[in-house]
Structure formats: structure tokens, C-alpha cells
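Here come two complexes built around subunit A, the first alongside subunit B, the second alongside subunit C.
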Partner chain A sequence: MSNPKAVTHDHLVDVIDLKKVFETRSGMLTRAFSRDRQPVRAVDGITFHIDAGEGLGLIGESGCGKTTTAMLLLRLIDPTAGQILFDGLDLTSMNTRELRPVRRRIQMVFQDPYESLNPGKTVSSLIGEPLVVHRLTSGRRDRESRIAEIMEQIGLVPTEEYLKRFPHQLSGGQRQRAAIARALVLEPVFLIADEPTSMLDVSVRAGILNLLQGLRDEMHLASLFITHDLALARYMCERIAVLYNGKIVETGEREELLTNPIHPYTRALIAVASSLSDFWARKQEMITELDTDWIQLPEGCCRFHPRCPHEHGDCENREPDLVEVGPKHWVACHRT
Partner chain B sequence: MSTSRLREILKTFRRNPLGVVGVSILCAFLFVTVFADVISPYDPYERVGKPFEKPSTTHLLGTNDIGQDLLSEMIHGARISLGLGFVAATIAMTIGTVVGVVAGYAGGIVDTILMRMVDIVLVIPFLPLMILLAALLGPSFWNLVLVLSVIIWARPARVIRAQVLSLKERGHVVAARSTGGTVAHILFHHVIPAVLPLSLAQLILATRTTILIEASLSFLGLGDPISKSWGTILYYAQARSAFLTGAWLWWILPPGLLISAAVLGFAFTGYALEETVNPRLRGRR
Partner chain C sequence: MTEIGALLKLRDVSTSFFIDQGEVKAVSDVSLAVRRGEMIGLVGESGCGKTTLGLSIMKLIDAPGRIIGGEIWLNGVDLMQKTEKEMRRIRWKDVALIPQSAMNALNPVFKIGQQIVESIRAHERVTTKAAWSRTKELLDMVGIKAERVRDYPHEFSGGMKQRVSIAMALACSPELLLSDESTTGLDVMTEAQVLGLINELQSSLRMAVILISHDLPLVLDISDSLAIIYAGKLVELAEAKGFAARPVHPYSQGLIHSIPRIHGEQETCESIPGSPPDLIHPPEGCKFHPRCAFAEPVCGEDEPELLEQADGRLAACHFAERFGGRGDVQS
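For the complex of A and B:
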């Protein structure tokens, strides 16, 4: 899997050794005078694939590079290295114009519906915007009926009530529904959802998740579901990839990963999710607390080793590769 | 821009005393400009009295060297001074907005080149340059407009570029890009509507500057001698030694005060508006 040549085209999405390094942009003077600011390796060589109609959960703690990965997949930021193949097309070599038809087929629901909707536009023009951009409807009448149709589908009903509202006249849940409508009105084949419920009130989360799940089945959508919540990933996805500090440390089918976790980080996550009191009792043997900024680790060591409770000679000297430990189950740890 | 945003801007603006004063001054000037023909007692281009008359009930501010009514000149002068200032500022603002939006959104080499041009315009000592340009092009309304716009566009361009830079990273602009919107679509639907209020504030501030510069140039005899702006009135007053005789009181002071009032009106309004639409400038909050 970590071999870039092993690409097969039956995958809808193939991400190969993708990297994003954020250079801290600074002027000549600051660059000359401060040497301590290192580039941030936000995504550091990740490889995964998603089949048509399949849901992959990407989980990891805050700052591990989840949003960066999503933005890279849509080419909203440019990768430092690596390849993104979508339906056999290499997105990394495309320019903005070539990307437009692709962006119709890949859509994203952003984390913060308070930010992702233009505050100056009405619901109907927000949902109609993608249709206008891609010239998908013939005339106003056609567009309006399409907008009403998708609004009913995502549950902004009665539609007349919401059509002329501005985002600030909607609740968080309704905003996220509008954002989902914007994404799905183009009938994409691949949906990226970046923590779509994390900014929402707990009471409306289930509604949004069920909506997404229902739409996935209905539209046979492949999806990348980003979350920091293992329980959510388990509910939403068939496969799960665990991201730690810009690296995928373990990936596998949902049940296999949850019942037979191998990487110490995955184990700790599962322990937290299943029983908090149990986790606290056994915390010492699961994970080491760490104050230092883990972004600053040197290259060529296991990213997890400062927090890893297990000793192993190679962890500080060599970066572990993903190795297959079972069917579709891959782990990056020297102990395996 | 949505009505809700407009209403919000108005609400914040009304709470700014400086802005209210500024707008009142501008309204007064707007009234005078529009109804100049009705308000002014005489035609400013007609000889209606003896030369160098002192203020009296028939000529409230006296007459000039060829017997034209000074009060009427000043009332009509508002049209020319404010009109020219506004036209020049509008042209400059349009250039500034386009440059700012393009530089901010395109980034990279385009941004660098445009911003270098802005820097050059900003560091050139502008009074000598303007005198030179005005002298070269010759005195006329449109030459003056041209000279003024060439000088003024740079500052708004820089302000608007900064706004676009932060706007570009906003969630809804990124979302529009992810949807597959073309650059033109994003600029016209998401970027330009959002910078327009700031452009308006910059336009008003620029008008202040153009009015002041027009007055200076005209006073130096580099303006259009045929259309009588406040600066031109001052030029003739100076040429006829009004500074040395008692006539400065009614020939020089009133246009001077009018220019100051107009400049203050535009400055107050502009700053208040800028503060309202650009929350980063709002000190307390």
C-alpha cells in the first residue's frame, strides 16, 4: 500500500504518499533574524484509497492534519508532494480550469456552517450557486424547482419558509443542512465531510448524521468522513483510518480495527471511547502525557514514540511503514 | 450587499457622533450644490455691481474686481469644487478597487508588481508632481480630474487589497472555490460585494483629498480659470491683492472656511464609515 506503483483503477479515490508542508510565510527580515520557526509538516506522506460508494472515516486528534487532507483532496491547497487520483485522473497535475468538472463530482461539507455560507446570500441563491456555476439548469424556473427538490430531500421544509432567509436567520443545524444541500445539488460521487457536526448543538447532531447516512445510501456516495470521535466514525463508515501527526498509523475495516486494534494510539483511542473510567485507570500503560509541541519532531523517527508506553530500539531511529497485518488491516508500528 | 448588512452598517454608523456631524455637513453642501441656482442671489458670471464693493445688503459679501457678486460665486463654486473632487475621487476609487481586488486575489507576481506601483505612487512627493502634470497638460476640468485620479488611487488600492487578502481565506470564499466557481464568479459574487462598503468609505476619504488638492492647484493658478471653484476664487483674490487690503475678510476667509468645512465633512463621514465597515479599525470591542 505504501508502494506508489501499486495503483489500481478500481478505486474511486487513490491518495499516494501525499504531503503538505506549510512554510511559515515571513518577510526577508524575519527570515534573517529568526531561525526557530520550522515548517509545519501537516500531512506527511499519507496513502489511502476509497472505493465507489464506500465510506472511509479519518479520525485523529485536533491538529493532526485532517482538514489539511480534505483541502488537499479538493486541491483547495496545493500539495507539497504526492498524488491524488480521482477516477483515474491525476488531480495534482491539473490546473484550475481542468479541475472545474472534477470539483462538480467531489463536494465537501465544511466543519463550520457559520463560516462556510456567505452571510449576504439567501438560502435559495446559496443552494442555486453550484447550479449556476456549472450551468446545470436551463433557466430560472428549472433552477428553482431543482432547489426546492433538494431542500425537501435534506429537510429544509416547508421550502417557501426558508428560500428567502439569510444564514443568520437559520439555526446551526439548518445552516449545515443548507451546506449539505449545496454540496449534493450537484449530484457528486464523492463527498468529503469535515467534522460536519462538531460545531452543532448536540440535539441536532443525530439528525444531521442520519441525513448524511441516508443520502449516502440513496445517492451511492463514496465519502471521506472526518472526525475526532471514534464512535461517530464507527457509526458512519465501513473503514477507518487513524491519523496521528500527519501520518496514518493504522487502517482497517471498522469491526476488525475496533476489535483488534494494534497500534498503541488506536488502542488508547478505543479505550477512551469504550470506557472512560477504565481508560483513566489504565492510562499509564496506554499513553504518555506530553507537553512538548509534537510538530517539531525530527524526521526519521516514529511520530508516536514520545507518547508510546512501549520500548523499542528502532522507534527513535526509523519511521515505521504501514505493513499488512490482516485482510485490509495495515499498521505502522515497529512492534508488529 | 444584502439589505440586512446595510441595515446593520447604518445602525452602527448612527452611533458614531463624528459620522453624524460629517453627514450633516455633507447634506448641507449637497443642498447648496443642487439648488445653487435658486439660492444664489445673482448669476456669478454677470457684472451686477461696481468693482470692489464692500459687503452691503445688496451684495452680502461684496463684489470682485469686475463687479461680480462674491456670494453667488461661492455658492456656485460648491458645484465645481465638490463636483470635480467627487468625479476625480470616483475614478481613482474605481482604479483603486480594481487594483486592490486583482492584487489581493491573484497574489504572487501580479500582486508584487501592482503593489510596487502603489508604493511608487505613494512615495512620490505629490505636490511637485502635480504642479508639473497640471502645467504640462494645461488647465482644464478634465486634465485636473486626470491629475487628481493618478495621485489618489494608490491608498485605496492598498486598503482594499488587505481586505481581499483576509476575505480570500474566509470559509464561504473557500467553499465557493470548492464548488468549482470560476475566478470571475467568486470575485463578482463573493469578493467585490464584500469590499464595496469599504470602497465607499475610501471614496469619501479620497474626495476630501481631491477637494483640498484642487483648491491648492487652482489657488496656484493651475486650475481651470474659466470655471470658478473655491480655489479659483482664492486665486483671483490673491491676484487682486485682497490679502493686503481689508477685502480678505469677505473675499478670502469665506472660501477658505467652505473648503475646510467640506474637507471636514468628508473626513468625518469617511472615517466613521471606514470604522463601521472595517471592524478591525473599531477601537473598543
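For the complex of A and C:
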């Protein structure tokens, strides 16, 4: 499944057995008092692909490695092992200079538009900055027309009214629109969106989702949509991958995954999102709550087994691989 | 929604914050009744006044804010007539709050047991020993092993800390529990379990619960009734069951239509145009009219009252009958 040589280049993005281990640096006190310090395996061997124009939803709880995956794809942090192929190029072996033209084609929209925009810059300079950095426009006039064009596209109109505004003069939804404009002004082919609506009010969320969908169609954008909300993933993506503790536990086409989930974690997530009252009444899908935030598991076991509602067979001794259970539907669980 | 025998009755409660720029009318003329054993969801966008309303019920509004009018009846007692000293006895004993962020609500340098014992002893004359054994019972009730009473907050997970703050809120067996976004920020699984606990305790202890939340699907799923608040005003008060199929107020309709679904037909979601009004200078007439697709001239002139509709729900819209309510059936 994770043999790099077997991979063909028909996918736009190919992630192969990607790993990121954070070494926990500790101070004198921790060293003196703490017995076992283990490195954090934030992303632990994940493999997936995204086709041109396709949307993949990455689902999981906080701390499962969603954002680390996004950072790795952009090479904002360096992977410990594994490969990222983008349009046939191996991003993992490139240096900063080689990466620059690639980065123009992979862009990201961050979670919090209250933090991700420089408060001292106007909308026009925020959107113009990437154009300057990548030397994409010839002169000021060219740049200004490009800025106005993208602002119309993302709905900050009339443009004259917003050009000279600072982020604090925009609402949350407008800020996120400006952040999207900043990403899309470079005409990328791959967009990573990390919980782009979770800081926004319900009533403006749908506007941002529809905008992103429209732009995806218009620009034939591939996208990785990171969220903890299954209904949002269904709305935005053709395929969904469920991440648990640094591992993909299930992936499939959206309707297939939502109507026929197999992994106990996916089943629980769907049960909770469908109806909490049913979930409480049946308790079938109930998974164990952890006592502490920090759980250290030895390598070579199913990451989910301490919370799994089913009998443990091999789960403590062997890590399950992703197995194909149906067309494009893969599950990592010994019970399948 | 009937007021007879209600545990909590609010009549025309208004709370404002007086800042340099003017008076922020955070809550205006809210009337609401909550029965014993009822779970009511208070839903609205951020800044709509839902937390201010919750804090007003406990009279926890600090300067520059002030409750400027109305009556708050809890169990036949008008809290507005109570002094701060008297309120201190009522809070926690009769009405308790689970705050939004358990991580910040617990004192990091005291063992959780000590914190619960302290709150029990501040409200009841009991021996330290009795308070400790009560604390262990409370923790057991929320699913935490009694031997963990001597652990510090950092030794618990987020969900477990939220359980500790629930145990703390229940320490003096309140009749009314306010949960202010108490599960926001927790993971969905943990949220499911914490809310399940609140739900279980509510029915076994016959508590009334006010669930303050921005998550409409969640509230519709688990509460008995629903109060939708917009710009400090109640715009619709209805039974939660079946609400998603027929919201009456255009704002409620907008909220329902803005949320993607996990099963069934996938409809295109729509956002509500515009943004919530400035509460220092709220619009004339209906506060929602600048964002309303159905607004007519009257909406900008007269503020609609919250009136009873044919099916018993309350809605504040001049054209409620168009949307399935009946504006002319006056209570």
C-alpha cells in the first residue's frame, strides 16, 4: 500500500507514508522529575492522494494531526519520513529556493482570520503582497487591477470601499474573504483550508463555504478541507479521510463513508453528529472517554484500542493496515 | 412554555452596558418561563446577548453593566429585590452555572476535592468530613473515581475537567442549572458524553437546565424547548421537536437553512446577508429587518411583539402567519 515505486503520477497530490515526530525538548525540572519522555508521533505514516479538482475532507478531533499534515504539505515543517509528491515533484527533497515556485501553486487558508491577517496592512496591500513576493505582476497598475479583480470574485464589493480598510474594520466573514483572496490571487491549483469557518458565526458560515465551492469549480482547484465537522466535510468534499491519533483509520467517498462506516471511531463520530439523543439511548457506538489528555502508546498496536467498544483480539499486538473493503473505501481495523 | 408552576419566570428583563460610546442594549425586554425538569436551549450568534441573559438571571452583571429593568422570579422569589449578600446564598444553592471553559474555571494550584469542599462549606453548615464525603459522591455521580479527589486540575483531560465543574455546579443541588457553552471547544465525542451526563442528571434530579449555545442542531436534538435570541431580543420561542421542519421567524429560518446536514438530501446552504446590528444604535422597528428577505415598510417602523401563534409557539414577526404561525391569535 505504501510502496513509493508503485505510485503513478496521475494524482495531483500523492502523500506516501508521511511521518512527523516531534522530539519533546524538556527543561531541567522535567528531566529531573519525569521518568518517561517519549517523542510525539503527531503524524504516523499516512498515505493519501488528491486528484486535480477534487476535494478531500480530513476529519478528526483536536490533536489528531490534521494541522500537522497541512503544515507538512506546505513544507512549513519538515517531515521525519515519507514523501509528498505534487504534480510529479518530490517536495520532500527540495530546498527553499526550489520550493518557491511550487508554493505559489499550493496555498492555504487558515482557521482564524482574526489572527492570520496583519493588522497594520490594508486589504489592498494584504492581497497585493503575495503578488509582489512572487513577482507576478508588472508594475503597480497591473497589480491594482489584479487585486480589484480577485476582490470582486470573492465578494468584497464595491472594491473601492474595502481597498483601504484595515482588518479591524472588517467583519469576521469579510476577513476570511480577504484571507481567501490572498491565497487565490496566486492562482494555485491546490488549496488547503484548515477549519476555515470554525471562528465565524453560523449565519455567515454558509457564505464562505459556498464561495469556496464556487471558486473550486471555477478554478478547477484541488482542495484539502480540514474540519472536525462531518456535515461540513460532506458539504465540501467528494471524499473523506478520518484521522485518529496520527493515523488514517478510514477513507472513502462521502456518501459511502457516511452511510456505511466500518471503523468504530467513524461509526461513533457519525452517530454523534446524526443524533445525540439516539446515541445516548443506544450506547452501541459509545467509545471510552480518556482520563487524561496524554496517552502514550507503544508502537505496534492499534492506536484506537484503549477506547474501542469491541473485544480486543490482536489490537494490542499488531497495528492494523488500511484494507480495501469496497470501491475506494479503505479501513484500518482488525475486525474487518 | 406555560407560566403556571414555572420554576423561573423572567418578565421584561433588560440589561445594558454603559460604555464611553453609549448604552449597549445587550438584553432588551426578555420574558421567559422555565419549568422544573425542562431543558431549554438559548440559541443565537455571538454578541446576541445570550450569555448576558444567563448572567442576568444570576444577577452577576458587573459595572459598566446593569440590569435596568424587569423581574426575575425564581421559585416564587423576585431576585431583583435581593441584596448582593442574599444573592450569594441563592447562587449555587438554587441556581448554579457551568462556565464555558473548565480549564480556566478551576484553580490550578488546588486539588479538585478542596475546591468542591470549599464551595459546599461556603453555602452550607456542614463539617469538613461531611463535605469531603459529599464531594466523593458528586464525583462518582459525574463518573470520576473517588480516589481522584486529591488530583490537581492538570492531571485531568478536558472532558474530565468539564465533569469536575459539573460536579461543582451540582454541589448544593441547585434547582436551575445554567450551562453557558459548557462543551464548546471540547471534541465531539467528549461533548457527546458531557452533554449526556447533564441530560441524565437533569432527569434524575428534576433540574431545570438552560443550555446556552450557538449550536442549533445540537440544541434541537437534546432540549425540550428552544428560545432564539437576536440582538438582545427573543424572536421565537417554540418546542424543539419538529422545529427544524417549520421555523416561523425569518431569522430562525435563516439559521436552519445555513447549516449543512449529515444525512438526507443535501440542500444548498445559504447565509444570512449582512451582519448583526450595532447594539448602541440598533435599527428602528424590527431589529432583524435590515437582514430580512421578507421585510416590508412596516418592519422598519414598528417593533413586532412576541405573540402566541396558533400552534402555541411565540414569534416576534409582523408576518408570522405567512411562515406557518398565526400573528392574529393573541394570548
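Rule of thumb we're sticking to: the second predicted complex is superposed on the first by the 314 of 336 C-alpha atoms of A that agree within 3 Å, B and C clash if a C-alpha of one lies under 4 Å from a C-alpha of the other, contacts with A are read in each partner's own complex, and residues count from 1 in each chain.
The working rule: a residue touches a chain if its C-beta (ideal position, glycine included) is under 8 Å from a C-beta of that chain, and two chains touch if they have at least 3 such contacts.
Everything quoted here is computed from the prediction, not taken from an experiment.
Peer 1: Have a look at subunit B and subunit C on subunit A after the superposition and call it: clash or fit.
Peer 2: fit
Peer 1: Classify the contacts of A:D201 with the two partner chains as first (subunit B alone), second (subunit C alone), both, or neither.
Peer 2: second
Peer 1: Quick one: is A:R182 in contact with subunit B, with subunit C, with both, or with neither? Answer first, second, both or neither.
Peer 2: first
Peer 1: By the touch definition at the top of the document, which applies to A:S274: first (subunit B), second (subunit C), both, or neither?
Peer 2: second
Peer 1: Could you figure out whether subunit B or subunit C reaches more residues of subunit A?
Peer 2: If we count touched residues of subunit A for both partners, the winner is C.
Peer 1: Looking at A:H228 after the superposition, I want to know if it touches subunit B, subunit C, both of them or none. Which is it: first, second, both, neither?
Peer 2: A:H228 contacts subunit C only, not subunit B.
Peer 1: Between subunit B and subunit C, whom does A:H168 touch in the aligned arrangement: first, second, both, or neither?
Peer 2: A:H168: touches subunit B, not subunit C.
Peer 1: To be precise, I mean the smallest distance between any C-alpha of subunit B and any C-alpha of subunit C in the superposed model; what is it in Å?
Peer 2: Nearest C-alpha pair, subunit B versus subunit C: 16 Å apart.
Peer 1: State the interface residues of subunit C toward subunit A in the complex, per the touch definition above.
Peer 2: Touch list, subunit C to subunit A: 45-46, 143, 155-160, 187-193, 195-196, 199-200, 214, 216, 218, 221-222, 254-255, 257-263, 266, 268-272, 275-276.
Peer 1: So in the complex, the part of subunit A that touches subunit B is made up of which residues?
Peer 2: Residues 71, 74, 76, 96, 99-101, 103-104, 107-108, 110, 112, 115-121, 129-130, 132-134, 166, 168, 179, 182, 186.
Peer 1: Per the contact definition, I'd like the list of subunit B residues that touch subunit A in the complex.
Peer 2: Residue positions touching the partner: 1-2, 4-5, 170-172, 174-183, 185, 189-190, 193-194.
Peer 1: Could you list, by residue number, the parts of subunit A that touch subunit C in their complex?
Peer 2: On the subunit A side, the touching residues are 61-62, 171, 173, 201-210, 228, 230-232, 234-235, 258-259, 268-270, 272-277, 279-280, 286-287, 289-293.
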